[in-house]
Amino acid sequence: MIVKRFYLFAGAAAVALTGVSGTALAQKFDREVHIAGFGAKSGVVRSFGVNTEGMMRAAADKINAGGGIKLGDGKMGKVVVTFYDDRCRAEEGISVIRRIASGKFVVAVGPTCSNVAEPLFGILQKTVDDKSDSGLQFPIFTDTAIKGGLAKISAWAFRNVPNETEMYKNLFAWVKKKWPNLKTVYGGVEEDFAHSRFTWYKVMDKQAKAAGFKVLGRAKWLLADTNFTTQVRAMKKAKADIISISSHPFTLCGLLKEMRRQRVKYKVLIGLTSSSSMETLQGCARQAKGIIIPTSFAPVTAAAKEASAGGAKYKASADLHSAAAWENMMVLKQVMESKGVMAKAGTIQADRRKIRDGLAALKNTQGLIGSIKRHKSGEATKPFVYVHAQGKEWKILHDPNK
Amino acid sequence: MDYVQAIVDGLLFGAVYALIGIGFTLIFGVMNKINMAYAAASFAGAYVSLGIAQVVGLSGDFGLPPFVMFLVSAVAGGVFAYIVYLICFRFTPDHYELASLMATIGTLLMVDEMVVQATNGEPQNYPEVLQGIFDNPMLEFSEEFAIRGDLLTLFIVAVIATLGLLWVLFRTKLGLATRAVAQQRMAAQLCGIRVDRTNATTFVIAGVLGGLAGAMIGAVVGTLLQSLVVIPLTIKGLIVTVIGGLGSIPGAIVGGLMVGAFENVFLAIRGVTERDMYVMLLLFVFLAFRPQGLFGRVAVRD
Amino acid sequence: MDFYFGMLQIVGLHTILGLSAYIILLTGQVSMAQAGFMSIGAYIAGMLTVLAEMHLIPAMLIGGVAAALVACIVGFPALRVKGLMLVVATIAFGEFIRIFWFNFDYQISRGGVKLGPEGGEGFKQIRFFPENGWSTLDVAIFIWVVAGAVIAAVWWMDRSRAGKVLRAVGEDDLAAQSAGINLTVVKVSAFTAGGFIAGLGGSVYAHYTTHIEHLNFDIVMATFAIIYPILGGLSNVFGTILAVIFVQVFLLEVLRPLGDLRNLLFGAMIIVVMNFMPHGLFSAQVASRIKGVFSGRKEGANA
Amino acid sequence: MLEVNDIVTAYGKIEALKGVSLSVPEGQITVLLGPNGAGKTTTLMSVAGLLKPKRGSVTFEGQDITGRQPGTIVQRGIALVPENRLVFPDMNVHDNLKTGAYVRNDNEIESDIESIYERFPRLKERYHQHAGTLSGGEQQMLAVARALMARPKLMLMDEPSLGLAPMIVEEIFRIIHDLNQEGTSIFLVEQNANMALKIAHQFYLLEQGLVTFSGTPGDMDENEVIQRAYLGTTA
């Protein structure tokens, strides 16, 4: 795998260096609609950027194959995606969004990291038409950065990420119903990763208690930790019925392996929605067996399967994060068509405003696995299913909508 | 009993720090310079062994037996260390240590990103071959006290590797040359020792050790994830080197075990978020009261 | 245009950061704690404008002074350890400060909203600029007024006797000491000045990003701080500025479309420069050669 | 035996030797005198291969050795006892001696060490001690002994009396004299002109990178030699 990737990477490098530029405008389109994507394509969470970019391109291909976007004057626009790397660092994210806002782009999809999204939304104008606020007026439709409540920072920020509070509220209630004799929960949290931390303290912990469970304690570790003996020992002593872990695959696997080594006994294992990814299965499929995770993406519908296949062409895997990028593209097409975006050189600022207003006015959109409810705050409530790790893949355990 | 357990766990994991610390200290001892890319290059060696294992498969009909993985990693570690020597030390000015320092930082960043590109930043499963040595991965002495078999194995291998290194240093002509260059470079030259060759050899030895350490750490952790492991381990390795005394191999070993035990105790007392703060404090205590470290010589000169 | 103003902001910020390391490097000390000093300025100034609703300028000064105080305290033990030991010590100190912020909670409730640093979740909504209606250009100008003041101060210091003293200590501290220079005063002053500048930079940085968290001030940021002056050569402040422009504008921004490859190029560039131009891209020799070209005279033997 | 022809050696742009020529005959003690900074140590380093002359040549027993690796030069039979001893401080005396024989591959090294111990009984007493803990005089003996381990035909010695007590200095000069009697040629750099002239067969005076005088100890008024060796021709 490493070796293969390396060749790929070398090939990509050669292509990039020889300066192959974008494709020529095909005859049947009248204009181009530029959508920017941005996120981490280098550094630890490079896979987020790779997957998001692939899914965006796949979605653009699908839109273009269907004739493109119908513009305000009846002409057809071709969707063109440009993707920028922000290395998952706040200052670079700000730089990238300024670059995007200075260009021909009508909207941006990104970023992939919560710690970029938060400062980024901070530089946007807080309320629309507030003359005293000099913030950037540019619509952003986030797919991956998932930490709770970010979109309310600005009226220009929208997210299509799952509402974790809903997901875990539902999950704990379901667990309570299904195994009525389970009483206690022990947590695990990756303390220095914004999303993991938020989800444990503000979501899992609260929802577990709300569902009537007793939270006995929590194990804490850091993103860079490799040794979990002490934490797991405390976890073992607590003898909780349910173990609920809020962490990314990087440390989830290490922790699960240590739990197995120390033979920690539990009845139910719950994971963070972000860890329902390929990494977990590649890293520790055996130890993660049975872990229950709520996720807003699984290839259960025809649309989801199609999106998955489309992303595969770009070597992107569709997961709960990147699938949102596909959905975002489809939603944007719908918004642009209903609002009559012109995609002319002189209409960029007006187009952006139309897209913002369009996104703000949406109440419902069609997602890959069902209907997505949109809120005034810019956030969404997405349908979700519970999956569990079985062998080399995620299988649907339960679909709360049915 | 909890604290005994925490100390024992920490001591065992401290062997990892000790191995990294030995590499830093060996190179520092000979060249009086820090090789910031040491840990990165060592882990790159472990990645090579993993890459080869992914191609030919592990243990299968034509697959790699586990010890071959370690060997491959050690060899690759040596090769990378030599490359680091060439690009960061061989041609940079000798008396201007900033140049080699910056070059190794550049290499650290580059190696880090190369692995990210090769793996998409995804963690790579490293076969936990050390676990197979004991039937049960844990040696349970009682309900309260247990030792991880693979960590114990790593600890033992680390001790053996260190003894081997000491044998090379104190019983071979190569070791004589290495010590001579470390202690008095000009006199070593006058005795006919080629300083550049000795430096390069020391790098290779440290790299072989590092490659071995990288593979064993991979096997113990079960995962290789460059970006998350390398910089933290580089920092811990440097701290161990200073605490042990720059250039002192016994110092690196004792320092490594000490830091391992110390941080685990503070993890148990104060929690993970404050743990590293106390490790830094330990370093500052040393800098203030014993700047030469545990086994260092006299004054701290650059 | 916004983008170019944004670029100006970044270059200004990083110039301040680079110059904070420049002063300390002149005395021959490598400080990897600049990101830490910067974080002190960032958190304190942020808390003053957000929690105490102070104006940015006094908040910045207080942030700078706080960072200077801490740097001064670090400067004393730094006298005991030199060279490469100092590298390790300052890396550890920078990490120490970072972990401190990671554990630091201080929030107040205003209008039902909690404000202030919240440990690992960071310190959000430091919105002095947009709330006061500063445009991107306004902010860019403001940053450059600060950066310009720092550049002028460091440039003037460099040309004055103080600069000669710093350089003398950097070249050979024992010789400088025997020439009657008080090493304690010089080294601690350099650390303090470097800390002040970094704190000032951090104060602006916090308001520029509107959200800070401990991970912003990691070892990568600390490395950036020393890379600028070293790449730029330590002969004068302009080398540092050129290096910032080279790294931030060319490597990161112009090459952004290369995406994946930029980080590799960055590392490779450092290696190449250190091998072929170890004294930096704009060292004294290069500078005098350029000057020579412009004034039409050949490089003198004493260049 | 050793011929130095018009060598120029520079540190960067500063020329420390501006064309030095001298010759060291076999079996004799040749002394190089001169004030600080005249280039004496530079001359020895240029011969021993630690510095590469920009111009000129160095020949030893008729073969050109200019700019060769120090190891090659040691193998040819020239050993340098450096200024300030420069023993290996954290190695014991025995290992220091073994390092001196680094270029040799024969199996007489241990027996040579034994004969060194016979010559320097004090080193034998301290054979397991770290060299850094020896006294100045003992370190100087160790430095000489280490150089002998290479079995040199010519020994270059850089200020062996520096910083030693007068009694020790006498002992060192006696050793130099004995070595010469046993057939080793000596090329000695000294500040202590008094002592050096007592054992020298011939001497050179080096001032500001140039040889300004050569002859035998009787050729120049001793007071003038001493004057110029310490202060140079400032008058």
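All chains are identified by letter, namely A, B, C and D, in their written order; residue positions are counted from 1 within each chain.
Note that contacts are C-beta pairs under 8 Å (C-beta built on N, C-alpha and C of every residue); 3 or more make two chains touch, one makes a residue touch a chain.
Just so you know, these numbers come straight off a predicted model, no measurement behind them.
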Farthest chain (mean CA position) relative to chain A: D
Distance from the mean Cα position of chain D to that of chain A, given in whole angstrom: 74
Gap in Å, rounded to a whole number, between the CA centres of chain D and chain C: 51
Distance from chain B to chain A - Cα centre to Cα centre, in angstrom: 37
Contacts with two or more other chains, residues of chain A listed in rising order: 9, 42-43, 46, 191-192
Where chain C touches two or more other chains at once, by residue number: 102, 120, 260, 263
Chain pairs in mutual contact under the definition given at the outset: A-B, A-C, B-C, B-D
Complex contact set, residues of chain A against chain B: 1-3, 5-6, 9, 42-47, 50, 191-192, 220-227, 229-231, 233, 249-250, 253-254, 257, 261-263, 278-279, 282-284
Contact set on chain D toward chain B in their complex: 48, 50, 69-72, 74-75, 79-80, 82, 86-91, 95, 98-100, 102-103, 146-147, 150
Interfacial residue positions of chain C with respect to chain B in the complex: 30, 77, 80-85, 87-89, 91-93, 95-96, 99-100, 102-103, 119-120, 219, 223, 226-227, 230, 260, 263-264, 266-271, 274-275, 278-279
Touching residues (chain side chain B, partner chain D) in the complex: 173, 176-177, 179-180, 183-184, 186-194, 297
Chain B residues touching chain C - in the complex, by the definition given at the top: 28, 32-34, 87-88, 91-93, 96-103, 105-114, 116-117, 231, 235, 238-239, 241-242, 246, 273-274, 276-277, 280-281, 283-284, 287-288, 291, 300-302
